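Okay, structure first, notes after.
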Amino acid sequence: METKTTFTPHPELPPPANTVGAVGWLRANLFSSPANSLLTLFALYLLWLLLPPALEWLLFKATWSGTTRADCAPGGACWVFIKMRFGQFMYGFFPEPERWRVNLAWILAVLGILPLLGKRNPLRLPAAVFMLFVYPLIAFVLFSGGFGLAPVETSQWGGLMLTLVIAVVGIAGALPGGILLALGRRSKMPVIKTICVTFIEFWRGVPLITVLFMSSVMLPLFLPEGMSFDKLLRALIGVILFQSAYMAEVVRGGLQAIPKGQYEAADALGLSYPKAMGLVILPQALKLVIPGIVNTLIALFKDTSLVIIIGLFDLLNSIHAATVDPNWLGMSTEGYVFAALMFWLFCFGMSQYSQWLERRLHTGHKR
Amino acid sequence: MSTQQPGSLPSKPPFWNDPAVRATVFQVIALAAVLAVGGYLFHNTQVNLANRGIASGFGFLDQTAGFGIVQHLIPYTETDSYGRVFWVGLLNTLLVAALGILFATLLGFVLGVARLSKNWLIAKIALVYIELFRNIPLLLQIFFWYFGVLRHLPAARDSVNVGDVIFLNIRGLYIPRPVFGDAFLFVVIAFFAAIAGTVFLARWAHRRQAETGQPFHTFWVGLGILVGVPLLTFFLSGMPLSWEVPKLTGFNFRGGMVMIPELASLLVALTIYTAAFIAEIVRSGILAVSHGQTEAAHALGLQHGPTLRLVIIPQAMRVIIPPLTSQYLNVTKNSTLAAAIGYPDLVGLFAGTTLNQTGQAIETISITMAVYLAISLLISTLMNWYNKRKSLVER
Amino acid sequence: MSETMPQAPQKKLVISDKVMIEMKDVHKWYGQFHVLKNINLTVKQGERIVLCGPSGSGKSTTIRCINRLEEHQQGQIIVDGTELTSDVKNIEMIRREVGMVFQHFNLFPHLTVLENCVLAPIWVRKMPRKEAEELGMHYLKRVKIPEQAKKYPGQLSGGQQQRVAIARSLCMKPKIMLFDEPTSALDPEMVKEVLDTMVSLAEDGMTMMCVTHEMGFAKLVSNRVIFMDRGEIIEQNNPHDFFDHPQNERTKLFLSQILHH
Amino acid sequence: GATLDAVKKNGFVKCGVSDGLPGFSYTDDKGNVVGIDADFCRAVAAAVFGDATKVKFTPLTAKERFTALQSGEVDVLSRNSTWTSSRDTALGLNFAGVTYYDGQGFLVNKKLGVKSAKELDGASVCIQAGTTTELNLADYFRSNKMKFTPITYDKSDESAKALEAGRCDFLTSDQSQLYAQRIKFANPDEFVVLPEVISKEPLGPAVRHGDDEWFDIVKWTLFAQLNAEELGITSKNVDEMVKSATNPDAKRLLGTEGERGKDFGLANDWVVKVVKQVGNYGEMFERNVGEGSALKIKRGQNALWNQGGLQYAPPFR
Amino acid sequence: MSETMPQAPQKKLVISDKVMIEMKDVHKWYGQFHVLKNINLTVKQGERIVLCGPSGSGKSTTIRCINRLEEHQQGQIIVDGTELTSDVKNIEMIRREVGMVFQHFNLFPHLTVLENCVLAPIWVRKMPRKEAEELGMHYLKRVKIPEQAKKYPGQLSGGQQQRVAIARSLCMKPKIMLFDEPTSALDPEMVKEVLDTMVSLAEDGMTMMCVTHEMGFAKLVSNRVIFMDRGEIIEQNNPHDFFDHPQNERTKLFLSQILHH
């Protein structure tokens, strides 16, 4: 006897009330066990200890308007200090009437970079050419003068502008060096390889401070008499040498990720070594390591603060110097909080970008 | 190889097209270029030094330094030599690096685990901590702690006083210093004996477990021995230990031990900053162990503790250790920021003050760089060795 | 290697009356999603149950509830007389009695094959190492790979790894074995060696619950096939009737897909 | 010589100054470098180019200063540096004179109730790293059998702030600096400079070995300013003096008689340019550190020799 | 898509007397391992050779030696009259004449299909871009995927990718084409479209050497089948005799495995 039953699924029931909704969420995420509940309470207590006074100082009791120290109420931050010194923190001693040049340079940079972020944008190529070859010249002229613009000494550069200049020039200079070093390190020629490995390991093994010391104190002794560079240029040389070693390791990671078949296919097509590298391997490898490059940039951006050691007035040093101004005594906390905020915005922004890129490359890159 | 009688070898190409020849030539040129640049710089340096009448050489290391140092782990007075200054600086650097590594590791592991906590609040707090502190330059953090926080501590006379033995003020944290009597030697001996005993006990417990399966609470018993035996000896030998309590005499606290604010802020900043990075390393290390491992261990009846200890941590550690080491290297290198707040580390004392007093830029900076390089190379050699050993196990 | 693979079913089933697993009105939700609906199931000692059903129907969830890798929210699950509650002692006790083999083996890659096997006996059963190793070797022989004892899992083929996983579970001398698609991650050549091992286990009278789509295996060794869909048990029957005279439309559809495949 | 050629080729004098010491060299909030050390560099520029603005300042920390000069990064170091024998020899420098006779002193908080440096046994001291000050202090305390704890900073500003915050009991530095730092305090009156002067600190500009012509120019720029003060020539009356001076010393100095400028390879009226644009020594002093400035330092030892001070320039002839 | 696949062999072989590839007493070692032993082989213009043999027998190594992706240590390899030595000029010259298609396609993922094709003509043959693109489109039509020219390799199926790889090689107008298991990484459905392309190439009289286990292909287009084992050429013959009357024991064994498979 064959009885045929048809299948009618049970209705979906809602879960027991205490496992979903706000209560369920609380139970699962905050109070899942006695130990967890204790931890939650402890964390809440900590927050209660920290947050209200911090917010009070930062926002509620802070003074926002005024022009002198006398305008500031006690018990809160005195943001007037930042407001009054803002120009110096951004541009250092860059002459005030010329500051539009700095702004223009940054605007151009943003305009130039935007098309590079999109995927397969028709403007990508021209934008890249512009950023690589034209922009540096324009920016250099805007910053230092010439072609009818009043000259501005590099010793007058400072603040955030100097920080950005060091970071951007540092990374731009380190990239070609890093690529060469990475290729050298993977070379089959023992001498080349040894030279590159020694170079890389040397710079990676010493602290940046000593490198800056060296470039500021020793470099002049290495050069023939009478030849001397600007202090900023010397710092940049130090930074570039140092970063190119780190960059080399990043690029090497990319080169290693390219499958052997790509090298072989390029060989089989008769491409010579430089062509195979330039047309086939590097474009792929560099694309893979963009997140790594951004991370290096973040590290460099933070490290620019070390130029304080050799007396350049970057963002941090400008603020540090302003905190000893007799007219604004006792503003160091405000100053450092502001500096922290600026650095944090840049670094966090870049790290989010690099993480986003990493995710995109992961999903978008089929192999 | 068997007696395969060789046919002819492939013909030799003309030498200018022979890649081997080309490679050799290229390498010779590269080497020559490197040597030439090096030689050129060396020559310039020689000429410059001669022209400017700067004395060179390492003779200055024997000269009297003549300046004081606020913190020295080995005895030092102004009449000691620059050579001694070097050692004082190196030890100060190693001190701050070692303490920084210790604290950053502890805090970093806690944060890394907290980041993965099932407790939403804890996980989010850890996340905010990590994203906040790793995106702010270390130097800024050092300044913040030194100039922004520790500068607001009370003056020496108004110290925060804990039971008249511990004092905190702008000059530092003063704690009592143990003064050991002669009989304290027995306590030390007893302590080492206790260590030996514990090791022995652990071996025995291990063997016993292997034989009978009975686990033994080695940890608690061992701890008991380690603490109890020296303590007992201490009382029996008539408590040969006294404390030198810091006391405010004249301008400063005298006696006791002090942690100067320069060290404290450097340490706090290094710890907080590095811990953020270590937390991320720990997190990714733990995440790298697949959830299946935990499930399998649970399914075998292993409880939470043994699962962590026997299954998860050994696997996570392999992922964690290499990047952790490079963080340790970073701590060592970052400790050079001490120079910015006047903590007397190697860079401050040697590449700073000594350089300035003697003018021996090349010598002092080279020595300093060589020291850091040596530390780095030492650690990375150890690391490679460790990795090799571990990867053997893999496959 | 396949001498043990019986050419014809030799179901020397010795099913006692002792109830090993009992699920009563079990419900489970993942968030809002009702994944197990009113599951009722009794497994006696010596039974070998095959669970089948379309993907996502809740088979894995069902057997994972039995050793509490997943928590159920309603109803009772009683294993070997002990009810599964959130009491850690109970969970521990039950997990000792229940072995589980996963689709992806989940061997511990940092331990050798033998170490994998002796880990739980030593730390959970507090067995002397010597004895545990003998036991481990015994079960490795049982799954026919004693010569691999000193190797690491990464050095073995998939089939060998899965057999190690079985041996590892057996070392705890479980009363019940759960298998969650033990062969689906394996290359075809290796499926057979694992199935052979399971068949030989079945012959020894082990109580087994197995999620699998290997219908040959189901016919050969199981005494009951359970079909699940959308979190419900739709049909259960002995394999003969189940495959030849399915009662439910849903089952028929499923079988037609599986068998033509 | 090479340095002079390079200076002429560049079209400006590269001058190393302090990174922030009011009265000596200090970057004000408009970015101008002001102070007696900076003015001296302007005087050198006026001497060489006839234009006091042809100078490029490089702020240097105490650590960097000598290497900066040695390496040619700056042509003249005018940065409150003490003239010592080892700096003149082993460091390869030539000090070109003394712009400021100074001595090392102590600055303490009045609250401590200390009246004399002899009472400072056991105190902690804030001090700038790598200075002669640091060495003098050690010598002084050792010879008086006293102990001290040094807290060293790279920048004089930082050591001063540390004193103000109470990190140390006293600050030691050249007295001029003590005054300069004190005015930067919130409450300058809470701090006093102790009477002891424990060292000679002749501060002056330095050039590197190897170019005697350049050395001469720098040296004589200072002497010219001193001679001008001695002869009563000021920036205000210098034009008149050129026309009307009768004193042969003054005429030689101003180049209206003789060809003294040629000896230096400079224009004959170079001293006129210096005095006109920067002033004589006395003016330079008053403007930057003297009673007319915020520092309010008395001339004291820095008065001319014929007024009871030490400033004495060889004759211009 | 398969109109060109001839149902019956149409071997319009036009084999000239010109020797394109000559290998004389070639030996090669990997470290201590003697991978090619005394290989002697002559390929005339217009020949299509199929190389077969068990895994690890040195087939890939042999054809990789011909365009110097591997270096041989003894003996001579003469391609189109030029001896392969370590002379970089010679290598470059020979690589221009020899096209190679790999098992895993090895297309450049950062370039479009067309860019893949024109890369070498532009940079190696110094062809104007315009002309190169025309050539590229010509060969893309030849392999029947002109419409994919603007896509990236990642967007194509395996079979299409392999055809792009073939077109890319053809764009250098090689005199000889080498194929290293061109179909073994493909899903079964895609094998045919690639084989079709190769058949049509063969019909145009291209000199070809192909490592493959596709016996159908061997029978259809090759004029000689070479069997290798352990680094030696064991047997070579026309496909008819090779498959139907193998001379050597090892060949027989190999064929029995292959054909039953």
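Which chain is which? They are A, B, C, D and E, in the order written, and residues in each are numbered from 1.
In the analysis below, a residue touches a chain if its C-beta (ideal position, glycine included) is under 8 Å from a C-beta of that chain, and two chains touch if they have at least 3 such contacts.
According to UniProt, the chain labels map to these proteins: A = Amino acid ABC transporter membrane protein 2 (PAAT family); B = Amino acid ABC transporter membrane protein 1 (PAAT family); C, E = Amino acid ABC transporter ATP-binding protein (PAAT family).
Quick caveat: nothing in here was measured; it's all calculated off a predicted structure.
Shared contacts of chain A and chain D, meaning chains that touch the two of them, come down to B. Here the largest set of C-beta contact pairs joins the chains A-B.
When chain centres are defined as mean Cα coordinates, D lies farthest from chain C. Superposing the C-alpha atoms of chain C onto chain E requires a rotation of 160 degrees, rounded to the nearest 5. Put simply, the chain nearest the middle, going by average C-alpha positions, is A. Computed centre separation for the pair chain A/chain E is 49 angstrom, with centres defined by C-alpha atoms. If you average the Cα atoms of chain D and of chain E, the two centres end up 84 Å apart. In chain C, there is no position where the chain touches two or more neighbouring chains simultaneously.
Chain B has residues 48, 51, 147, 151, 339-340, 355, 361 in contact with two or more other chains. Of all residues in chain D, those that touch two or more other chains are 63, 67, 70-71, 154, 158, 161. The chain pairs satisfying the stated touch condition come to A-B, A-C, A-D, A-E, B-C, B-D, B-E. Residues 67, 69, 88, 92, 95-96, 98-100, 102, 104, 106-110, 119-120, 122-132, 152, 154-155, 165, 168-169, 172 of chain C are the ones touching chain B in the complex.
On the side of chain B, the complex with chain C involves touching residues 209-215, 290, 292-293, 295-303, 306, 310-311, 314-315, 318, 393-395. Note for the complex: chain B touches chain A at residues 23, 26-28, 30-31, 34, 41, 44-45, 47-49, 51, 117-122, 125, 131-132, 134-141, 143-144, 147-148, 151, 333-334, 336-337, 339-340, 347, 351, 355, 361-362, 365, 368-369, 372-373, 375-377, 380.
Within the complex, the chain B residues that touch chain D are 48, 51-55, 66-70, 78-79, 147, 151, 155-156, 170-171, 249-252, 254, 261-262, 339-342, 344, 348, 352-353, 355-359, 361. Those residues of chain D lying in contact with chain A across their complex are 2, 6, 19-20, 27, 29-31, 56-61, 63-64, 67-68, 70-73, 154, 157-158, 161, 183-186.
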